[in-house]
Amino acid sequence: MKLLKDSKRALLKPHLLSVEDLSIPEVDILLNKANFYADANKQKGKIEKTLKRSTVITLFFETSTRTKTSFELAAKRLGANSIGINASASAIKKGETLIDTAMTLNAMHADVLIVRHPDSGAVKLLSEKVNCAVINAGDGTHEHPTQALLDALTIKRNKKNIKNLNIAICGDVLHSRVARSNILLLSKLGARLRVIAPPTLIPKNIENLGIEVFTDMKKGLVDCDIVMMLRLQMERMKGLYVPSTKEYFKFYGLDHEKLKKAKKDALIMHPGPMNRGIEIDSSLADNLDRSLIHQQVEMGVAVRMACLEMLTLGIDK
Amino acid sequence: MKLLKDSKRALLKPHLLSVEDLSIPEVDILLNKANFYADANKQKGKIEKTLKRSTVITLFFETSTRTKTSFELAAKRLGANSIGINASASAIKKGETLIDTAMTLNAMHADVLIVRHPDSGAVKLLSEKVNCAVINAGDGTHEHPTQALLDALTIKRNKKNIKNLNIAICGDVLHSRVARSNILLLSKLGARLRVIAPPTLIPKNIENLGIEVFTDMKKGLVDCDIVMMLRLQMERMKGLYVPSTKEYFKFYGLDHEKLKKAKKDALIMHPGPMNRGIEIDSSLADNLDRSLIHQQVEMGVAVRMACLEMLTLGIDK
Amino acid sequence: MKLLKDSKRALLKPHLLSVEDLSIPEVDILLNKANFYADANKQKGKIEKTLKRSTVITLFFETSTRTKTSFELAAKRLGANSIGINASASAIKKGETLIDTAMTLNAMHADVLIVRHPDSGAVKLLSEKVNCAVINAGDGTHEHPTQALLDALTIKRNKKNIKNLNIAICGDVLHSRVARSNILLLSKLGARLRVIAPPTLIPKNIENLGIEVFTDMKKGLVDCDIVMMLRLQMERMKGLYVPSTKEYFKFYGLDHEKLKKAKKDALIMHPGPMNRGIEIDSSLADNLDRSLIHQQVEMGVAVRMACLEMLTLGIDK
């Protein structure tokens, strides 16, 4: 990657692998830019094709509609040449390694590789071998930085400030890269974080992140501004973590009754896809006065446009 | 969907779900526009990018090359950001509902969702939940409106008028959304319709649509201007509808001998993909003096361009 | 395909099916154009959208990341409407023939069809039925012309001249369309070719192509300028061709010791995807002083841009 002499790079690092890497001013720049694109997308305003000479490749080793489509739309709206690679149907089958696949795409002069991989750390490993920008679109149970950024933007647009908000992250915290990225980012932005989950789904030593831990949902929701539900990641569970989905809903599913414990104007979030009736009551999910779920999707495209632009800015395109 | 004050919408309804919804003037507008694009595609003329700020998403819950490619090409030729989602590889696997998938795409500010689904009525259901335009690209055994429109355009370009033509639809009428949409549209445009099929493949009460019914193909073809063959939808048949494909071809496959019963200048159509030697003799399918099969494919792209343009016209893009 | 009166066609034939079809001046034109695009891709220069009214469709009946992505990027960088069809998920499943699929895409006014097929000769057969340009992206064990062209360009950029170079092609020559196309093209350009392989992996009568044959790798590598390793095509091997991959590496895998037999400045190539530790030592593959493997991928996009442009040049777009 050639950086211009008079570099206009907004981000210090060439990749977006983790929210841990981002400083608060960098987060602000990304969220401001994303906020601009959120309005432009809504108004179908003319969007400058800032990536029109760039090549953006999505390389997904796990299936995904939501995130992959969101990134591809973001790339196309900015005018990039966008190519999606379904990695399960790829050369990996022919015995090529992850790194070789990435280096091959790099050699085609990709400008940004967007990678999802079931192994924690795989995307970072890959980023060390290529000279294009890499975005982590989710690696194992580690991080999913653009999800945390889109959640922060959604909260900001609805609550004005993130600072001092009480935010509960509820459910399968153990298997959730979304939870991890959100805890790191929202704490950094001044929110007071707590997690609520059955004991089997709480990562060890999570208190070290400086957050409160509850196993009783009704206690945990008291005084919350934001209730962020997580998907029960049944495909990542090897063994028995929850007795039954019915039991799970009874104790940890968000319903009208439990929500009453939170603040009156508490808002609901969910990264999707939802298991309706398992982690969230279906009518609550659809209640547009309380649920920010569709706004999260909407902000997702905007945040990814901002990330793509910021990561390619200052590169000699 | 925000309609402009001074709306230029050509179509009354925001979606294209069924030919039943279309008035004759609306059909005329669509076919005229499609006719224009058919010529432009052929001459590689400069095509105005009328959808250049629009996002078109295909969401197919059944595999398809022909229809999906046709829609994607139509969207790209008009300059849209086009994304194709193979729904079997999607979030549906993760337990997300059809409606959640559609609402997710809607939240990304799609302008048009093009949906194929194995269940009759599923596309209509979905259209009620989103605020973008929805095109039914085939739902169960119900409707496939763009196929009927492209068939109408193909007939019009070859026979000048559709009115008073004798049109036979032959074969697996029972499982065919193509048959259903064509009967509705071509009747509306003044053609005289008849169906020819073995008794097991004729829907009950089809006479109520005001058409003739034949079980003897040689009798049914007498005096026909257009012979429209249907694909034997073996994948939709649960149980025994036809004794054997060999027997089927003998009695209901179109061959040179049976075709002699139709008018001398009768033309052959087939929506594809063909089962050669089962519902149609291979040499007849390839006879460019009689077969309109490739023209149907050609008109398909043009009709879909017209539909995309008309459904987004007057929307504040 | 309508050729312009005052045709500017650089290539005599309308398709690119085989390097056998190309004259030396045609190869020169393609490599010069590709060389231009190689520099433009590297410098992110402004690339004229010479295919902006063209439709390019990839139709792959074998899975591939590398080649399919390379062609799609090439098409997009030139501004074409590009659509990729994964043929295993296509109408073929519904009983449509290869030819019907191709003619369907042709009827949609494709300008270029790029086809990979497991059967030798299938792409040529298909090219005879359509009136758009067809590029063979690999047919069975027959040919893979753009791979040979990109290899020639890679050699030319590193060794200045191809003439009189000693080039060894090593490994699974029997199953390799890459080997076949390279032998034909590089011989035509004046190189001295030899193949090195175990007796079971040498095609019968290969000497008739005017090349040397070695079964002892250490002897075969003596005095070589270019060592081109082939992938062990285990998926195409029916039966027992090699005793074990460990044995294979010992005798026919390229390692530091064997490489010493070649010229001091010998360069290594591999069409990818590599089986590391089977046909090539991993550290050698990654040694940027000796390995041209990433350059091959880079040249691949450039060569395909040149081919797409030359095949559509002079067509009334």
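Quick notes
We just call them A, B and C in the order they show up, numbering each chain from 1.
Note that a residue touches a chain if its C-beta (ideal position, glycine included) is under 8 Å from a C-beta of that chain, and two chains touch if they have at least 3 such contacts.
Computed from a predicted model, the values in this text were never measured in an experiment.
Contact with chain A and chain C alike is made by B.
Under half of the residue numbers at the chain B-chain C interface are used by both copies of the sequence. Rotation relating chain A to chain B, from a C-alpha superposition: 120°, rounded in steps of 5. The distance from the centre of chain B to the centre of chain C, with each centre set as the mean of the Cα atoms, comes to 39 Å.
Chain contacts: chain B has no residue touching two or more partner chains. Within the complex formed with chain C, the residues of chain A that make contact are 53, 55, 57, 81, 83, 85, 87, 89-91, 93-97, 100-101, 103-109, 316-317. Listing the residues of chain A that touch chain B in their complex gives 41-44, 46-47, 63-66, 69-70, 72-73, 76-77, 86, 231, 235, 272-276, 294-295, 297-298, 300-301.
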